[in-house]
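Take a look at this one; I'll ask things after.
By letter and in written order, the chains are A, B, C and D; residue numbering begins at 1 in each of them.
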Amino acid sequence: MSQTPFFENLDQIFVLLQHWLVSFLPTSWQPAAGVLLSVAAIVCLFPALFALTTVFERKGLARIQNRLGPNRVGPFGIFQPIADAIKSLTKEDIVPLSADAAVHFLAPLLLVITVFMGFAVLPMGRNMVLVDLDAGLLFYFAMGASSELAVFMAGWSSRNKYSLLGAMRAVAQMISYEVPLLLSSVAVVMITGSLSLTKIVEAQNQYTWGLPHWYIFTPWGFAGFVMYAIATTAETNRSPFDLPEGESELVAGYHTEYSGFKFALFFLGEYVAMFSISGLGTTLFLGGWSAPLSFLTWIPSWIWFFSKLMLSIFVFIWMRGTLPRLRQDQLMNFAWKFVLPMCLVNLLVAALWRFMGDGWLRWVFCSAILIAAYAGMGLGEMRRQRLGPRSYRYAE
Amino acid sequence: MKTVEEIKSAIEAAVPEAAVEIAPNPNPALPHSLRIAPECALAVAKFLRDDAELKLDYLSNVTGVDWPESLEAVYHLYSVEKKHGPVVIRMHTVNRTDQVELPSLTPVWRSAEFQEREIFDLYGIVFTGHPDLRRLLMWEGFKDHPMRRDYVEPDDFEYEPTAHDEVLKRTQTHQAMVTSEPITSSKGSEGGA
Amino acid sequence: MLGEGILKGMAETAKNFFGSYFSAERLTTVEYPEQRIAPYEAARVFPFLVFDGSDWEAGMRCVACQICEKECPPKCIFIEKSKDKKPDALGKQQFYPARFDIDISVCMSCQICVEVCPFEAIKMDTEYELSTDNRFGGLLLDRRQLAKSNQYYHQIHPAEADGVDARLAAEKAKADAKTKITAEAKTAAIAGEGA
Amino acid sequence: MSEMQSHSAILADKPESWNRPAVMEPEGEGELMEVAMGPHHPSTHGVFRMDVALDGERVMRLRPVFGYLHRNHEKIAEGQSYLASMPYTDRLDYICPITNNWAYALAVEKLAGQEVPERAEYLRVILGELTRFQNHASSIGFLTQEMGAMGTPLMYAFREREKILDLFEELTGARMMVNYMRFGGCRVDASPGWLERTRKVVAGLAGFVDEFDRLLSTNEILMARTQGVGVLKAELAVNAGVTGPMLRASGVNYDIRKVDGYGIYNRFNFRVPLGDHGDVYDRYMIRMLEMRESIGILQQALREIPAGPVMSPTAKLRGFRPKRGEAYGRIEAPKGELGFYLISNGGPNPYRYRVRPPSLINLTVLEDMCLGVNVADVVLIFGSVDIVLGEVDR
């Protein structure tokens, strides 16, 4: 590690800043103040990132569709989110007469709070983690799971058929995909031997011939990452798994009856959930804040973390611009009959990987098992449902 | 493809009680049509559809016509299997007021379902035996049948700056009803809108 | 079968994403208030009345025959015929429209008035920025607002206007010849009478 | 209901399953949930309603409700001259105004015994096939939009449609409300430059269909969503008067361009693609294949178009009074059989003017296709019918 002090300081700039600010306070206050500062940073940073992402998403989608996208507010439309924020703040807050007003009010708040809790354990750079819990992964999933409650509260309290259908879909979908999400992460835990996210990143922050030891570059890691990505998309209700909000079917799903700022909160909650879950994916499979090549380690770790985060956001947008959505029963079938078995096979492979020791044999063996399982299950399912390309005849 | 006369004799041979006459079309654009007595229409329709030589399995167009003394339903038949057509059959109601029933041909050709509803809606022909005879385009509870020639438009006044002829007359009667102040020409109503 | 269809689709959208930065073929958007496309010569928006010369009232070709009023599908034209007659471009005594209104909130730009007009008096404009804050009065154009010069017509539909001018000139020549013949006949008759 | 019984007695020897949609029984206990999809539902184009009864998410009953865009087009047309209805036909199926013009012109020409010059027939074919192409492209776009594809295919379709609409505008003066055809020809002639630009656009269309194919045809999600969904049997399709790509997707070889050979379609060499399953995927693929056939027809027509007048010298613009009698003119519009039925009493106005709208009649089988499917598929099946409400409600 040949780092000049300047880059080392740059790497640790936020940590140093926090220490410097806290040092003005009495020693007994220092830990609490430190935490508060970090919380404030997170609570400010991610909504700002959300604002930027909305404009990037709209512009990206527009470019995918050969349009220009928003370009009227500010240079390149960069201030569009500000205009949007003003709009949603000034809009009338409508609560349906028959709605359960208290629950209707609490649902978006609950969603935003639970979503932000996940960031507590995410390492966003070297030494940049709010609480380094030993069971960080467990805490994260516990928090993620409670956001389903908020969605259901929103759908139930609105007293709208579309909201209710949307909420039912959302809960069914999120619970189903929680399982593959967990199981694909378990493989990482098996290899690392720790639930602490900091330890998981440390384990990946090594290099051989200049190449990193990220888990995605192993057969089990790659398969796990794909399964994790699928589960993530479903968990955050993004296309092609955006059924709970499927516009052409359910108008807007569980937030049909929300307007103004409450709607903006839902929007915020969804995007921040997307950031946090991509952050976790980055941590588990893409080496967290570590650099992709050994000679690039001088670039500050937090830059790497956020670059990887934005890259995965871009993939989300790209998929949204390309894919149609699945149907509810197909989505469930896909979760339970394809993703879950694949995750179980992957666990087996991860175990094999660990116990086969070094050597090329384990690469061949593990890859073969995974490819066979993937192709077998995929082809079998396609054949069972009689799906596939067709040929057409012509009349004379 | 048989001529209209041959079809007529074929129908008479197959459905002896049928009363079929040829309604001439003075224009060569479309063959003469067959006027069928409503009582036997269903049997004739079934024959036309199932007869091995005719196979008029596709009912393309169903429409109503408002004649001065009766209402009429016109059916345009084609054959998808034999690729021939059209054969036009028509049915008359007894009058335009109280005896406006005709048998529905929806049991024979499903494509008549919406089109007969439309005729019921716009012309007021009641199709007996139609599985779901409701208004199609106008709303439930609407009175009268707008496509009839004696239909009187309701007095739903709409401001029109260039009102002339009929519209102006209507505007004036409406204004007379609503206010005491009649309008003379179109420009005069500008302030009132 | 196993996701390659999805990947193929993703590749296609990626191609379009990057392509939209380089190829004008892909990015066809025109940013309207700043950029404008010149209207095609055949473009038609709302009708206007053509006048010859510089005085719009004297040069108006319309003779208030009311054919367009009758043929107009949505009935948006309103004409009041004059009581007196005025000489038209050919010098013939003609009626003229005392009032000629077009309600462009009703007009559907079908161009049938132009086709049925025997006097080449009504043509289609290409001006499309016509929004106004007066819903009724602002969209009801009277004959002053409708009158546009023949030069303007040449400017917006050059080829069509040339054809129209040629046709009118031919008609005028024919009419002149006719008047000349009748005049000659008259003088001949007078001469004959005298003899 | 003795009348009903006599009907069933007559039909008793051949029980027909297609007479009415099956009556669905809910599973287990519980009430059905009545959901009104539309008229403000995002998938119903703003002016259409489906009253759906759901058991969970399964459709038990579906009632289409029409009339939100009803303006009694036929009554308007009966009150004015033949020519004055021409611009109104643009507004029936506003995605393809050219074919509406054509069908109406064809019916009136039959009624009046009017000949059409050669060049005008070629122009009609060229514009008609361009219209079919852009209609199929955008209908696939709308279908995938309703499948949740964020409008990307729709935007690609509109990108191509823009080029075609530019051609329409250059020729006719308007992008959509073209009002182009007249009884006995076409209103204006196409310049050589226009034909050259059309050739250039047509040359690019094949690439666009390939792009669509790569983007969608083999997409696993699209296949999973559409294959086996909304199956329409050939017998029911014929009996219910379904026409157009929907009928051919059910495997019935019936294309009015081939059957009637109206205009000059007999001269062109093209094939009629047929589906074997009659599901949404087949309807999608039939539209794709028809787009390719349209390109073929366009290339032939653009190669062979002769010089000459575009209006028949016998055509009358003012004082047009066709002979007494009736006529039925029909064409293969992009959505199905578009027919105009006219009765003339020798006057300047038609005595009876009737539009046979393919969109409305294709919806007859909507309930049959939707029973028992998931509510998400209702939207999809509805999209695959390809309707325009301007034509449904008239």
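We adopt the following convention: a contact is a pair of C-beta atoms (placed from the backbone, for glycine too) under 8 Å apart; a residue touches a chain by one contact, two chains touch by 3 or more.
On a predicted model such as this, the values are computed, not experimentally measured, just so you know.
K.L.:
Can you list every chain that touches chain A and also touches chain C?
P.N.:
Joint contacts, listed by label: D.
K.L.:
From the C-alpha centres, identify the chain that is farthest from chain C.
P.N.:
A
K.L.:
Could you work out how far the Cα centre of chain A sits from that of chain B, in whole Å?
P.N.:
Result: the chain centres lie 61 Å from each other.
K.L.:
Could you please state the distance in Å, as a whole number, between where the Cα atoms of chain A are centred and where those of chain D are centred?
P.N.:
Each chain reduced to its C-alpha mean, chain A and chain D end up 44 Å apart.
K.L.:
Centroid of chain B to centroid of chain D, CA atoms only: how many Å?
P.N.:
Centres of chain B and chain D (C-alpha means) sit 22 Å apart.
K.L.:
What's the distance between the Cα centroids of chain B and chain C, rounded to whole Å?
P.N.:
From the centre of chain B to the centre of chain C is 39 Å.
K.L.:
For chain A, write out the residues touching at least two other chains, lowest number first.
P.N.:
64-67, 321-323, 382, 388
K.L.:
Which parts of chain D, given as residue numbers and ranges, touch two or more other chains?
P.N.:
152, 156, 159, 215, 217-223
K.L.:
Give me the residue numbers in chain B that touch at least two other chains, ranges are fine.
P.N.:
Nothing qualifies.
K.L.:
Residues of chain A touching chain D in their complex?
P.N.:
Residues 61, 64-67, 161-162, 165, 239-240, 242-243, 246-249, 251, 320-330, 382, 385-390, 392-396 of chain A touch chain D in their complex.
K.L.:
Give every residue of chain D touching chain A within the complex, in rising order.
P.N.:
33, 35, 41-43, 57, 144-152, 155-156, 159, 215, 217-225, 227-228, 253, 255, 258, 271-277, 281-282, 285-286, 289, 374-377, 379
K.L.:
Going by the contact rule at the top, pick out the chain A residues touching chain C in the complex.
P.N.:
It comes out as residues 60, 63-68, 71, 318-319, 321-323, 374-375, 378-379, 382, 388.
K.L.:
Would you tell me which residues of chain D are touching chain B in their complex?
P.N.:
Chain D reaches chain B through residues 3-4, 6-8, 10-11, 14, 16, 18-20, 66-67, 70, 72, 74-75, 110-111, 113, 236, 238-242, 252, 254, 259, 323-328, 330, 337, 339, 341, 343-344, 351-352, 354, 356, 360-361, 363-365, 393-394.
K.L.:
Hey, which residues of chain C end up touching chain A in the complex?
P.N.:
On the chain C side, the touching residues are 1-3, 6, 9-10, 12-14, 16-17, 19-21, 26-29, 31.
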